[in-house]
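First chain A sits with chain B, and in the next complex the same chain sits with chain C.
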Partner chain A sequence: MAKLRQRVGGFIPWAVLVILILVLPDLTRPTVATEVWVFAVLALAFNLLLGYTGLLSFGQATFFGTGAYTAGLLLIHQRVHPLAALAAAALAGGLVAAVIGYLCIRRIGLYFIMLTFAFNLMAYFIVYQASSITGGVDGLPGVPRPPVNLYVLTWDIRSGIAYYLFVSLIFLLCAIALKKVVDSPFGLVLQAIRENEARAAALGYNTAAFKRVAFIISGAFSGLAGALYGMLFGIVPIDTIYWVTSGNVVFMTLIGGTTSFFGPIVGAVFFIWLAETVSVRWERWPLIVGLVFVFVIFFFRGGFVEVWHRAYGLLARLTQRGQPKYGHSKD
Partner chain B sequence: MVILRTENLTVRFGALTAVDRVNLEVQAGTVHSVIGPNGAGKTTLFNSIAGEVRPVSGRVFFLDRDITHLTVYQRAQLGIGRSFQRTNIFPNLTVFENVWLAAFARVRPSSLPAPVPRHRLSELKDRVYEVLGEVGLADRAGYRAAELSHGDQRLLEVAIALGLSPKVLMLDEPTAGLSPEETRLMMGVIKQLGRRYTILLIEHKIHLVMEVSETISVMHFGRIIAQGPPEEIRKNPAVQEAYLGRR
Partner chain C sequence: MDNLATTVAIQFFNGLVIGMIYALIGIGLTLILGLLDIPNFAHGALYALGAYLLLQLVGVTGSFWLGMLVAPVIVFTVSVILERFMIRPLYPAGSNYVLLFTFAVSVIVQELIIILWGPVGFSILPPQALAGSVDLGPFSYPRYHLFVMIASLAVILGLWLMLERTRYGAIMRAGIENKTMVSALGIDIYRLFTVGFGLGASLAALAGVLIAPIRGLMPYMGVDILPFAFVVVAVGGLGNVIGAIAAGLIIGVTQSLTTQFWPQGSTITIFGVMAIILLTRPQGLFGAR
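And now, the complex of A and B:
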């Protein structure tokens, strides 16, 4: 019975997610709605590092941008299949993450963070300088959105709403894949490294290797998100690889909550909605983000998701049906 | 058979020689205790055997293999399981997961996220409950480790080391910070484990190890000043001076 309840409980967030995907286009413009799920993929990939492995990567835009430019260039010059573009972007993001991760993971704490940041700046200047290929500061325009040819049927994703559904589908597949990763034994080892790396090493885990693999997985999904972004606007702006994008991912993930798998998604929804709707009316919208951020850090360290958990806990206590309290401390 | 051996092992921290030319031989199937006053270098000796501290000279052999230059995780993979003096667990994971991670490390420590076969998972689960039973924590499997009492966390510390199914179980002051009652419980557990595991035990309370150990090494100022069965150690004048002379 408890197992059944657990299983049903596990489905609730997914059901909410599907409902949100279905109603979001009615609440806002299709472009904004699409952007929400693009950044949700990026935030989930980022949280594999921050929330699960305990690594704060301040250079996630490196992989996001790598994916965006890889897919953009392939689509413009080779007219490849959109799914091939996504695969190439994930591959490129993963490869770049393998190299950068290998170098950064040799250092820990602040030095690790600063290294990821430094590599992000380097990647930005490479793209900035190579303007004959990347378009430099003006971005890479003219990214097409060819139909998704699946042999039996062809899916035209040129219209805003069609592309929205395409991105939503890719997002759901990515979320399921990442959920499988964090729930796997591999994911538990990552959490052990986050909790106590020295102890994990004493058990026989090559913790550096685990962190490198987590970095590669995160880089691959970030690259895939970048490709979706470039196809959304028909252009790859240089912002995709700019450090501010790295910062925004940190923001949205912390606001949403790092301790829950779904937290980053909530953060992405909130952040993009705020950025794209409030900014139209009030250009000082980052002020709101800042205030919310401060509020979250002071009162809800677990992010928005913690608000839900606290409300649920209160409800459980009121109805006396909550989990039994385990504490039996003798000290 | 000698399972673990150090040869002139020396560790220095700056001008301090924490471990001074130590020759230690641990016989397979025995409980071997290293005792000594606080600051004698016991934990440093321990850490240099486990690989966390690099010796300046000397060597460490495990099953006749020179492991002096292996990393911590490589030594763990060979079968050296250890517990820590200061509780060193995964606080936000459950008791079950804490031990499961140890058991899994023994089976497949590869960093690739490949799926684990179902029968393997059920074997692991059985192993975890077996270990939790050995230390008496089976009924706490679902608790978050941070929620346990200090005494239970010390038992979990031992259980994690056991989960590795180690060839040598190294326990670093498992009774540290325990109440007299919890200490009795812990020593009872260690006595039981001594029947099935080779144990290298560190303790600074001399009376605790007399009953459980086959061999006792006494450390003082980084050196081993005496070694032998408990009765001999009890009578040894150098040991009495190191320990009792201070009182």
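And now, the complex of A and C:
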């Protein structure tokens, strides 16, 4: 019975997600709704490192941007199949993550954070300098959104809502894949490294190798998210590879909550809502976002996960009033 | 002396100048990193703030020298307040939140600079006494550039003497080494953090002040310099003044020379150098851990 309840309980967040996917286009513009799921993929990929492996990468935009530019260039110049562009973006993100991860994981803690950041800026400078290919600071315009050709049927994703459904579907597939990763024996080793790396190493695990693989997986999914982003706006802005994007991902993941698999998704929803609300009102909107960051850090630290737990705890206390569950209750 | 050799020599000197600037920023960063255990993402913003305060002070008082002295003091005061009232309450929450806070501060300061001084850059003249250039035999070199080299060297030397020869410097080094032991000896470790943060930030501001007449002022100058500061710390080793100077100069000269011969590749070359050092000496050039 308990097992059954556990299994049903495991499905609840997924059901909530599907409902959210279905109602979101009614609440906001399709572009904004699509952006939510793009960043949800990115935040989930990032949380594989921060929440599950205990690695704070401050350079996630490197892989996001790599994927965006890879897919953008392939779609513009080669007119490839959208799914091929996504696969190429994931591959490119993973490859870049393999190289950067190999270098950065040699250093731990603060150095790791600083190095991922420094490499992020390097990637930015490369894109900035190679303006004949990438469009430099103006971004890479004219990214097409060709139909998804699946032999038996062709899915036209040019309209906003069709692309929204396409991205939602990819998001769900990514979320399921990442959930499988964190629940796998591999994912459990990552969590062991997070809890106590020395002990995990003493058990015989090559912790550096595990961290490198986690980094590559995270980079691949981030690259995929980048490709979705470029196709959404028809342009790859240079912001996709800018360090502020890396910082924003850290923010949305922390505010959503790193201790829960679904937390970063909530953070992505909140962040996109915030950015969309303030950016249309004032050109200097990053100032407002920065102030909200500070507010959240001081007064809302546990993130939405903690709010959820508190609300849940309160609900449980209210419904169980008069019949204390544990014997040592004072009243 | 032929043309190429002169060009290389001038670029080498330029590299030393910018290298000393990197060293100043890097030492400030490594001090904060060693004491507070956070990579200060606001470091670049404080560097930019120093430069813009100089601009304002020169505009108001007309004196470059006064601005040069007062701008770092203002940044010191601001940072001490920031550390005491905003960062200190965050220590129990863990370093991730402190880091995120410095990131937010960096964004806020950058946006405030754009709001207060506008998105367009400024240039600022060196003081009258340092205008013109000095004849160094084979070539002449801007007097102000030489001043920056000597001034930053003097400041770093002063800091080094403070760290190595004074009681407070010894406490500071002990704080970088072992915080628990220092506070067990009855020293207020939090006050040490506050002073260290203020000192590190004012070094960044001083670097911003010194570079302003050479490179001019841009709202994004802080962000542009931050990766170099991080590279200096990563290459030089944690809390290591000598390492920061060496790393700063290596990076400055490499950047300057590649700018001459392969302008597009100068930034990439620096990260290449960093990658090689990390592959061969993961603990940094002079780092013990």
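Quick note on the criterion: the second predicted complex is superposed on the first by the 293 of 331 C-alpha atoms of A that agree within 3 Å, B and C clash if a C-alpha of one lies under 4 Å from a C-alpha of the other, contacts with A are read in each partner's own complex, and residues count from 1 in each chain.
Here is the rule we go by: contacts are C-beta pairs under 8 Å (C-beta built on N, C-alpha and C of every residue); 3 or more make two chains touch, one makes a residue touch a chain.
Keep in mind it's a predicted model, so treat the numbers as computed, not measured.
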Query raised in the report: A:Leu56 contacts which: chain B (first), chain C (second), both, neither?
Result: second
**Report entry** First (chain B), second (chain C), both or neither touched by A:Leu27
**Finding:** neither
Requested in this report: Kindly classify A:Val213 by the partners it touches after superposition: chain B alone (first), chain C alone (second), both, or neither?
Outcome: first
Report task. Kindly classify A:Ala202 by the partners it touches after superposition: chain B alone (first), chain C alone (second), both, or neither? Result -> first
Requested in this report: State whether A:Arg107 touches chain B only (first), chain C only (second), both chains, or neither.
Outcome: second
Query - Touching partner for A:Val189 - first (chain B), second (chain C), both, neither - result: first
Report task. Mind working out whether A:Val18 is in touch with chain B, chain C, both or neither, as first, second, both or neither? Result -> neither
**Report entry** Which of chain B and chain C A:Ala84 touches, first, second, both or neither
**Finding:** neither
Query raised in the report: Once the two structures are fitted together, what part of chain A is touched by chain B and by chain C alike?
Result: none
Query raised in the report: Touching chain A in the complex: which residues of chain B?
Result: 50, 52, 71-74, 76-77, 82, 84, 88-93, 97, 100-102, 104-106, 109, 111-116, 143-144, 147, 149-151, 160, 163-164, 179
Query raised in the report: Considering the complex alone, what residue numbers of chain C touch chain A?
Result: 33, 37-39, 41, 86, 89-90, 93, 95-97, 99-101, 103-105, 107-108, 110-112, 114-115, 223, 226-227, 230-231, 233-234, 238, 264, 267-268, 271, 274-275, 278-279, 282
Report summary line: So, in the complex, the side of chain A touching chain C is made of residues 50, 56, 58, 103, 106-107, 110-111, 113-115, 117-122, 125-126, 129-130, 243-244, 247, 250-251, 254, 284, 286-287, 289-291, 293-294, 297-298, 301
**Report entry** Contact footprint of chain B on chain A as seen in their complex
**Finding:** 181, 184-189, 191-192, 195-196, 198-207, 209-210, 212-213, 217, 326-331
